[in-house]
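Each chain gets a letter, A, B and C, in the order it is written, and its residues are counted from 1.
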Amino acid sequence: MTQHASPPRDDTPKMSPMEGPSPWRALTARADVRTLSLLGVLAALIIIGGITKPDQFLDTRNLQLVLTQASVIGVVTVGMTFVIVSGGIDLSVGAIVALASVWATTVATQEFGFLGILFTSVIVGVGCGLVNGMLIAYGAMVPFIATLAMLASARGLALQITDGSTQVVTVQSVLDLGGRDSYILGIPPLVMVFAVVTVIGWLLLNRTTFGRRTVAVGGNAEAARLAGIDVRRQRLYLYLLSGLCCGIAAFLLVVLSGSGQNTNGNLYELDAIAAAIIGGTLLSGGRGTIVGSVLGVLIFTTITNIFALNNLQSDVQQIAKGAIIVAAVLVQRRTAHTT
Amino acid sequence: MASEPPLLTMSGITKSFPGVRALDGVDLDVQPGEVHCLLGQNGAGKSTLIKVLAGAHQPDSGTINWRGAPVTLRSPIAAMRLGIATIYQELDLVEGLSVAENVYLGHEPTAAGFVVRRKGARASTAALLKRLGHPEIDPARLVGDLSAAHQQIVSMARALSHDVRLIVMDEPSAALDPDEVDNLFRIVGDLTADGVAVIYISHRLEEIRRIGDRVTVLKDGRAVAGGLPAKSTPTREVVALMTGRNVEYVFPERPVHDALPDPVLEVKGLAREGEFAPLDLTLRPGEIVGLAGLVGSGRSEILETIYGARKPTAGQVLVEGRRLKPGSVRDAVRAGLGLAPEERKAQALLMLESVTRNVSVSSMSRFSYGGWLDRSGEREAALKATRELSLRPDNPSVPVRTLSGGNQQKAVLARWLLRGCRVLLLDEPTRGVDVGARAELYAVIRRLADEGLAVLLVSSEVPEVLGLADRVLVLREGQVVHTAPAQELDEPRVLDLVMEGTPAS
Amino acid sequence: MPEFTSRRGLLFGTAAVGAGAFLTGCTSNESSDEPASNDQPAADDKPGKQVTIGFAGPQADHGWLNAINENAKSRAKKYKDVTLEITEGSNDTAAQIGQIETLINKKVDVLVILPADGKALTQIGLQAMRADIPVVNLDRIFNSPQAYRCWIGGDNYGMGLNAGHYIGEKLKDKKNARVIELAGLDNLELTQQRTQGFDAALKNYPNIKKVARQAADFTVESGQAKMSQLLQAQSNFDALWNHDDDQGVGALRAIDQAGRDDFLMVGGAGALSAFQAIKADDGVLKATVLYPPTMAASAIDLARALGQGKGVGGLAEFEIPASLTLYSAVVDKENVDQYMSTGFK
């Protein structure tokens, strides 16, 4: 029944995949349909803003304003994107931002000045991320539950620290950083931080083994494990990263608002998730782009800006936000089917 | 019995899935009150056939007659309404609901059209359970809290809660203890005495002998024999029917080894309670060792335990004399083990990613400079590895999901080739690979062995093990029942071993 | 503002007369542990029979709510004949119902309830009243007058009204004056009431037009974000009313960041930081409209009076009133010293 013969060797000539498409084609191929459609949406918004409020909208100050407003949630979204790409979720980002901003603005912390506030924000963020990561990676808790627990405790702790009061920053160097005098070549320092975090996030996701492992864990955790990836350690690092981003965002928020309050970061988790999803990150993991997430944040911030400039009220803003999320996901599903 | 009009007649049933013709003109007839056994190897088409019967799959062509009238089974509900109930191997119970709620799921007794009469449902569930010989199961308990055997009883109670005339049982005895099997047979006897017909699927010939009336044998999507007497057809004949092949594979030539080098892999007393008994095994470079056995014989479990994906309850694995950390995939990979798992899509591949990334995923540190990826180096290495295996298309930047089954398997092999692994563990390497591509895959595996890899091969396709391996271990229910050089075995002999468990003389 | 201050005499416990005495000590950053309010008691100071007052409020996640708790506690401490049973504080209606039921079961003499949601907690108020425990309903009003013996709370409409009048008087002589509004959380009825009051007051001044309104959500963060957008949208305007001093911290930050000082700003609620800014008079914030947390102290006084069967000093009636709406006084540079001690953090 079984025959033995020499194995067929394959000697047919092969085309090298290395040579081939022109740089331009490579570029357009790389910028996938989804990113282009997001850019299209942003362009449309800019046109709408320009038509309805030409003087106020198309203005350097407004550009600075929009980007500044996008910075805090933008940094959070970069961290969130990593977590979602890995197939997880971090519901605690808003609460971590609140806790870190509050801890960084207590009377005791403020005595240590600028560095004290910066250091405390980042450490508190990383610490919360560490707890999340340990619970999820080594405590085998579902990310949804672990970070939900963190949400509750971090908010509670933030409330305990402040007793509900607003902690005003008195460190002048921190306050100055949020003012116009600290702009460098017209770019607010907050926006620079956002840009740096975005670039680092992009490099980390696309150019490093860390990013590759993140995608692998999110795409197929079991396959990643069987391929020899330390899935648990990777998860730990991812929640640490998200915590770090929250810490940075908390510092930006302290600079921006000149205060720390336990209600800070309200619903950041939903905003960040929404921005990432609109940007093309799969909620089930395995795929996502930093560029898309940042575009998602910019789209939301721009909409808010246009609404405010046109004096539209919160009800309209909320309805539009919901509609945009639904529309973006529907478009995303369509493009996913056609590709 | 044969003089009665048949309860069910299926004729010319054909069903294709992309790339596979699962059923190719199958005929089957079932009489009221009989136990009709379905026999066939894995992939012969048994589960597709019962899914057609359950209304879960729609046949491409063919007719189904139910009590003399043609019917179309558009949905599981339609099948149930006719009186056809199916008890699947993987039980489809809702663990969070009570026994009674499961039994009446979808057809709850109601008052005023929507209020569930819980008491009524519980009482009639209790009656059903009593009839099934298990009055001790409390209808109010959560199904998730029950043992596997009791869950099966609940599944059966659910089937009986309908006005049922035909029950399909897919390997119902697989999860049961011997006493429970006796109870199962008693229930089957009671049912048939009431005129209910049973289609019974099992791998165990002795069970078929005990309760079967007639046997239909499926092979490669065809019914090669229909309605044989279950008690009197000789085993040899049944086995021959199951194994007779249309397609003859071309297997690569076995090299003659004078003396193989020292073992690279040694497995000593490795065991997992409830899955497989202590196992000893040595594997030398250049050698292909095959594990033959049926589903549930512990084959995949053995591979995964050697690989560290499951933690052993006893024993150890040594690679070149160094003991691997039990239950650590990373340690196994570091030592030079590589696994091509059975469920390629679920366990091996990143379906959204390119071939390159799938190939490089286990060797990322090689292309990492302080975490920074050398992407062109990665691409070149992946290309080299995939070319070595003649992976098609010859472009590793295409998404792996666009590849055929055989080429996906090659991508997995290329992963381990790139990693430079020493021991390759192959679990059903040709599952989902079409016939034409198999020969090429066999050649690749043999060549890798010739180049110094040690290969441990698991397959439920006996000819594959016999044709490819140098040495074969035959498994039955977690135990090695026979070890021999492949040349000394033939397919009927191996099938005897895996089904009956004792080496036939 | 003289007419406002003269009417204040009718109210007890809110507008302070003697509070100025320890004012100076409170202007420093050091917090005095005791959130001060008027020392003037509702009934009288004479010790009466022992009264146990149960106090149930929402979670103090906001400066104003925290001040409510502190005012209640320190007021109760003043009286030797009052025992205060204070609950955890919760924003969850069900949890608050549970807490109040516990107080009822403990058979406290009087209940002071600041419900997380007035409508949703009406039943528990009724239940307490039926159990012969008089209820002092604080600020967020129950659905039914049967659910409380006495309601005491702020006046949101009046806040808007007074803010509008203050701004109106300041801009009276200016042609085509432009005003903007930074509202609080739009989901809340009180925000709508404040806006209605504000609009009603501005109607008296035909030269003034409200050109923009955006809603923040009582947080510093939202105050900064919404204010910076408003500033971008309106390159010139003359006055701003901000509903809430907490979000005002963010609004002031945005104004500072934009480098704007070409308008006057009026706040709301009465935070210490706002009082300090008004006193310093070095920025746009010129006044704030009170929504005084001292009402909690008054509520304790009322509860004590109810428990001891007394009336209210200064009124002719034997019984305390069924309803007390507090006056939303405007605090500006002229009278800020008087209020400094009532400012919350």
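As a working rule, contacts are C-beta pairs under 8 Å (C-beta built on N, C-alpha and C of every residue); 3 or more make two chains touch, one makes a residue touch a chain.
By chain, UniProt protein names: A = ABC transporter permease; B = Sugar ABC transporter ATP-binding protein; C = ABC transporter substrate-binding protein.
These numbers come from a predicted model, not from an experiment.
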For chain A and chain B, chains touching each: none
Furthest chain, CA centroid comparison against chain B: C
Central chain of the complex, centres being mean CA coordinates: A
Mean-CA-position distance for chain B and chain A (Å): 43
Separation of chain A from chain C, taking each centre as the mean of its C-alpha atoms, in whole Å: 38
Centroid spacing, where centroids are CA-atom means, of chain B and chain C in whole angstrom: 71
Set of chain A residues in contact with two or more other chains: none
In the complex, chain C residues that touch chain A: 59-63, 65-66, 186, 211-215, 217-226, 228-230, 232-233, 235, 246, 249-250, 253, 256-259, 271, 273, 344-345
Residues of chain A defined as touching chain C within the complex: 53, 55-56, 59, 61-62, 65, 68-69, 159, 163-166, 168, 178-180, 253, 256-259, 261-266, 304-305, 308-311, 313-315
Residue ranges of chain B in contact with chain A within the complex: 245, 248-254, 307, 309, 329-330, 332-334, 339, 341, 346-353, 357, 360-362, 364-365, 367-368, 371-373, 375, 379-380, 383, 387, 390, 394-397, 415, 419, 439-440, 442-444, 446-447, 463, 466-467, 490-491
Residues of chain A that touch chain B when the two form their complex: 1-8, 10, 14-18, 207-210, 212-213, 215-216, 219-220, 222-230, 286-287
